[in-house]
Amino acid sequence: MKGLKIAVIGGGSSYTPELIDGFIKRKDELPVKEIYLVDIKEGEKKLNIVGNLAKRMVEKAGLETNVILTLDRREAIKDADYVITQFRVGGLKARAKDESIPLKYRTLGQETTGAGGFAKALRTIPVIMDICKDIEELSPEAWLINFTNPAGLIAETVLRYTNVKAMGLCNVPVNMKNTTAKMFDVEPERIRMDFVGLNHLSWAYKVYLDGVDITSEVVRKNLDEKALNMNNILDLKWDRDYLTHLNMLPSPYLRYYYMKDQMVENQIKDKEEGKGTRAEQVMKIEDELFKLYDDESLNIKPPQLEKRGGAYYSEAAVSLISAIHNDKKEIHTVNIKNNGAISNLEDDVVIECNAFVDKTGANPMVIGNMPSIISGLVHHSKAYELLTAEAGVTGNYHKALAALSTNSFIPSVTTAKKLLDDILEANKEYLPQFNGR
Amino acid sequence: MKGLKIAVIGGGSSYTPELIDGFIKRKDELPVKEIYLVDIKEGEKKLNIVGNLAKRMVEKAGLETNVILTLDRREAIKDADYVITQFRVGGLKARAKDESIPLKYRTLGQETTGAGGFAKALRTIPVIMDICKDIEELSPEAWLINFTNPAGLIAETVLRYTNVKAMGLCNVPVNMKNTTAKMFDVEPERIRMDFVGLNHLSWAYKVYLDGVDITSEVVRKNLDEKALNMNNILDLKWDRDYLTHLNMLPSPYLRYYYMKDQMVENQIKDKEEGKGTRAEQVMKIEDELFKLYDDESLNIKPPQLEKRGGAYYSEAAVSLISAIHNDKKEIHTVNIKNNGAISNLEDDVVIECNAFVDKTGANPMVIGNMPSIISGLVHHSKAYELLTAEAGVTGNYHKALAALSTNSFIPSVTTAKKLLDDILEANKEYLPQFNGR
Amino acid sequence: MKGLKIAVIGGGSSYTPELIDGFIKRKDELPVKEIYLVDIKEGEKKLNIVGNLAKRMVEKAGLETNVILTLDRREAIKDADYVITQFRVGGLKARAKDESIPLKYRTLGQETTGAGGFAKALRTIPVIMDICKDIEELSPEAWLINFTNPAGLIAETVLRYTNVKAMGLCNVPVNMKNTTAKMFDVEPERIRMDFVGLNHLSWAYKVYLDGVDITSEVVRKNLDEKALNMNNILDLKWDRDYLTHLNMLPSPYLRYYYMKDQMVENQIKDKEEGKGTRAEQVMKIEDELFKLYDDESLNIKPPQLEKRGGAYYSEAAVSLISAIHNDKKEIHTVNIKNNGAISNLEDDVVIECNAFVDKTGANPMVIGNMPSIISGLVHHSKAYELLTAEAGVTGNYHKALAALSTNSFIPSVTTAKKLLDDILEANKEYLPQFNGR
Amino acid sequence: MKGLKIAVIGGGSSYTPELIDGFIKRKDELPVKEIYLVDIKEGEKKLNIVGNLAKRMVEKAGLETNVILTLDRREAIKDADYVITQFRVGGLKARAKDESIPLKYRTLGQETTGAGGFAKALRTIPVIMDICKDIEELSPEAWLINFTNPAGLIAETVLRYTNVKAMGLCNVPVNMKNTTAKMFDVEPERIRMDFVGLNHLSWAYKVYLDGVDITSEVVRKNLDEKALNMNNILDLKWDRDYLTHLNMLPSPYLRYYYMKDQMVENQIKDKEEGKGTRAEQVMKIEDELFKLYDDESLNIKPPQLEKRGGAYYSEAAVSLISAIHNDKKEIHTVNIKNNGAISNLEDDVVIECNAFVDKTGANPMVIGNMPSIISGLVHHSKAYELLTAEAGVTGNYHKALAALSTNSFIPSVTTAKKLLDDILEANKEYLPQFNGR
């Protein structure tokens, strides 16, 4: 059996040890021959630091996997079996802008939702489209596993505008499942969590423990006890009346929607009090991490990495790759074409859903109709995503204005336009598609 | 041929002379035997004033129509051929609250959209449901033509929860068409305007003059010249880039959506400057109107009525009745079940659309798919309407919270809850369905 | 106002005087400047005979219309406003084969349904595709009104595989409506007949007289009295139990489906008894007609033409053209894209339905869901049509086998194959697309 | 852990040893406490013979399962965990009529498709509805696993007209998969076979071996080698051109559709030559089997049972029960609501499809759109099933006529009526719902 070739685009990311750790844990089921860590010239130093740690980790674990550091993306993609994308166009500096520019207009500053996520999408799309062209040419049978945010919108773009076999992946669903398992003090395998919606806009609409419906209990626990959340999201409590009636477990990201005004007010307050953006906090964490990584005696994933966020990131990615490679017939939560799974949503749009994964890829599990309490929001956000994907691919200013105006966090076309102009200006070096307008 | 019996619920409205005038104008095609003007005890005085004017108008015009003033709704509905509903639960005082309460939370104060429209819907639903029960019992073959706002949401409620044959009607579409005809200096008959969307959330997506597509020209005129608008809506300009790309003519009410923040800021400023709400302005206009009406020498529709708003109100209503009665096979813009007209919207929800009208009623014209730039918003608003209709019928607090939280103008569940509690308290005498909770 | 240019492909047809008569009758509303009657070399003699009659008719009626006879199709199509197609590839000889070949396998021999209609479609498609290429090049704004059978399948082909603005037209629906009007002794204008289905596979699911539902009465009359039928269809009685339960008026062509075995047995018996096919009968009628037409003293449509069938043919065509040209906003029954009119059928397939016709063309009226009693058959036939259209365009043998196997009249794949081979052989001079296989 | 209670309706069937053998093989994963074998008075003798064999088998295998023989269905159903229905109303005598009556009219005589399957459905529906009433009352949480044919139509009836948790099950899909595995000389686990369609009208549209698409190869093998088939179906070869183009593996039952005329001719020939129906052959096999079963020294499933047909029957049933009970998250092929799995078919109809099975039941896997080459037939057959289910439940003669007329094997309404009258007469003792008409 031939060993696998894995290409990791954005290989210089601080998350890479997490990913390497995942491959090490599954070494018995995944015969990885080569891991190519690719980055761009600007990221070469970080790539070397984290790449050398990766090499030490692999060696320490006794794997025969070859870790190759390279700036040559095409070399990495050629004949790859899996391409993992975890790059960040513009780095944390661009993220800091995504988080701060919208606050000028009193709208949410966040890297995946609202105007910030929109800016990140526009920066990411030209790069992912280039990567996909390479895959179409150099490894058309490869699976693209995309982690780069906004992961759902990027999956929508790739699956709509390229011929690449791709899935979008996010660590939130597995986080929700595992955290719930902890709440009930059981192994995650005993929990079945059925998701509906889009990436960062999803709900666990049914939760089962050993086949018994425990949805109401999960909701109650998230009201009575500390609700599950992500590192980077302000920990506001859900409204009890609303959540009890909803009787689903919302993604932590839904705090941005359900508590839109409070979230923005808190961000504005933080800014006024001189607290940095999340990007700035992360920059500090990253500095410390890279100092750690640079220590040649380190040859395992350092525990400090957990502070960075991204829990279960490697579990999601590597277990998905293993399910495909080993024809596992398992359920994973991924971003793929709806294809009828949600009846009251177009067939050809990307959703985040449970899917049956085997060697042929991922097939969504049937969901049925969304109830009104979520369907309006999902339709609204999907319309925004479709318009943004088109704007990102075409570089059409009017499409971009239409897209941003359709975003749930944007209070008017008028504000959308001001924001759009600011975003285009602040990101112009990363938006070649809008050049020349 | 037997003469028609018309029941007008809310007969004491200042608009009634407009309606009577409509019947007078179409006397040759509509053999109206009786017009019952019904009102409630609190409105008796106004009913008498406007009712007596109606009698004088009919007499002056030489009609044999009998105008009957009554507080007995069942007497009016019994064996009626058409029931027209134009009542306002709680009167203009309630409207003033609808316009002011939301401003406390810096959200739009408007009588048909946002939290104000929500409150108006909750007040209206128990009354319209009662009326429908009467119709089901006393005149099951009657057509209910509903004008009471929010007209689309009320049509949704009636067509979902009763067996009454009903259409919702609004003067905005006919206004858009007639104003456009004026812009082009042609007779309205030469204009064809295709609508898509919901009441007060609709777009003329195609406009034809003598069968030639003039949509882009209509858009340009609404940018270059004075855009068409309604009396009661602040006259903000559309964004040129957005509208040109959209290439549809939005309902004037879409200003509330496309310029949400500016609209609210203006309302707040007006309030701070002591300007009254629209309700308060209307109260003054109405006082003057009723003084005029009370003049026994007046026997025509006074021209001052036009200031009140509601242009083309009688044209829409009476021409629709005539189209049904005379089997005219004409196109009218009404609020009825989608039934497949918009492909990417549920079949069983009410939309505002062009419909082919003959003796059997109204059949929607096929529209096809909504593009993303409008479909997200339409789905979102329809979800809000469905939840509100259910909340209004059941009096369920949690449903009401879900509904208001889903409204596009409401920034969070948290704010929705505060607003809901204020609305329930401020309107409690008109919300029997929520009593006892 | 410029006069219209009309191109009639198959201008040498015996029906042409009917069409000319239609234009004469509507001379006040249709300013026809030129009628080009086009035919192929083989039809030149007939073209001259009928064309000269047409000229005499126009002259006698005092029209200024110029009737031009030509073999140059491109000259006729260039800048035409309307292109009417009524040609018959292979003439009545080919029809005779369509009617006789299937009988070898004890399946229906009929020119529009079953294997005969399939053969006719394969012959017609290459020609109509050529015509459409000419229209796309020479008169892209022209309306194509197609009468050539199978009219629904040809409309499906044109609307799926070309960019021509087209409608399929058939005289059956107007026949059903007018015959029903006669049964009730009223003017056709007072009847509204709502159709659902495909061409030659349609039902009047609702019939109204002055807006009152008379469907059950229509059904009863078609059981108690002489049922409406077409000249060319054996006059078998509907089953009373079935029709009463169905409560719709089936197209006369549904006799072929509802009495499949009896129809075939009768055809076989006729053949064994030496009775000619319908084609052979028609040949005789045509011979007589052309003798009449050749009489230079004849300058009106001769009454004998009615024996030929095709009643209301000109009414359907000319009134449709007038509705478009004069922006009439009338209901016509045409073959166009479903576009959501029938909810439980694909949006992009052609159906026969009532449509609202004005200068912009024809928009289907909303129909809703088909009940099971008809929907299975409609889906089955539409699948056959789609496969046949594709086979006719591509000349793919396997597609053709798939298509014919899917036809409701064909008892097996095995029989389909034998029939297909016979059909391809017998029609080979008219099937260029299958050459070279 | 409490042991399971299994109720087997039609416990006296000759298949019962197969089922018992299945439970024995899975004894380690299925803790069955009680198996109730239920039958009716007329079947008591057979019940005793086969039931005593079952007891000996269980004892020999060392199980602690209690086998109870009873005529009291309600006792068996009460608190059951699983109810398996395998009864045959009217026994093989009725089947013989199903197979012979249609031949009078030269249409297929078969127990699950055509008029025979229709008659069987009408006999079965009143009984299964009664059983469901018992389950709703006595064991509402039980799963009903139905084997009684026509299994898809019965599943449609149960899931449409009762509240019972049910799945229809058939041994054909597992047979197709296992036979294909044998053709490729691999373990069935390595084969993935994706099904689309209805019971006895299904296609394996994709076949994978270890995740590699082998569909074309499977088709080729079924053309070049002995095609897979069932005991009871005449072994006609598929048409090579058709099947190659189809590129799916049809259910063996599709021979009845694809070779309709040959199948009927063969049946007629067999009859004329005095060969008995399949029912009569089976009666002989059964006689021999029951003689064997009655031998008190027999305590295993006798190998002769295989001749009876029904291969993999126990595997399908017991492995499904185990997948539910043990929350196995496995794919099984079952008859359940479509729920969006096939995009171009109504959501609420029963299909036969792969489903993900765990403790919560079965969820269909997403399939997407059916191509035209199969969709017409599937729609047609589903329309027939829906009408038959309604006729069977209501006992409405007109519905029954509509249903039978819609069956693909019936050549006309006229023939349908004669057949229907024969069927109602011949089966009258088993059709209480049609009494009194």
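First chain written, first letter: the chains are A, B, C and D, and each begins at residue 1.
Throughout what follows, a residue touches a chain if its C-beta (ideal position, glycine included) is under 8 Å from a C-beta of that chain, and two chains touch if they have at least 3 such contacts.
In this text the structure is predicted, and so the values were computed from the model without any measurement.
Q: Counting only C-alpha atoms to place each centre, which chain is farthest from chain D?
A: B
Q: How many angstrom lie between the CA centroids of chain C and chain D, rounded to a whole number?
A: 45
Q: Which whole number of Å gives the spacing of the CA centres of chain A and chain C?
A: 57
Q: Do you know which chain D residues sit against two or more other chains?
A: As it turns out, chain D has no residue touching two or more other chains.
Q: Between which chains does touch occur?
A: Pairs satisfying the touch definition: A-B, A-D, B-C, C-D.
Q: Tell me, which parts of chain A touch chain D in their complex?
A: Residues of chain A touching chain D: 192, 208, 210-213, 327, 329-331, 339-343, 347, 356, 358-360, 363-368.
Q: Tell me, which parts of chain C touch chain D in their complex?
A: Going by the criterion above, the answer is residues 239, 241-242, 244-246, 258-262, 344, 346, 372-373, 375-377, 379-384, 386-387, 397-399, 401-402, 405-406, 411-415, 417.
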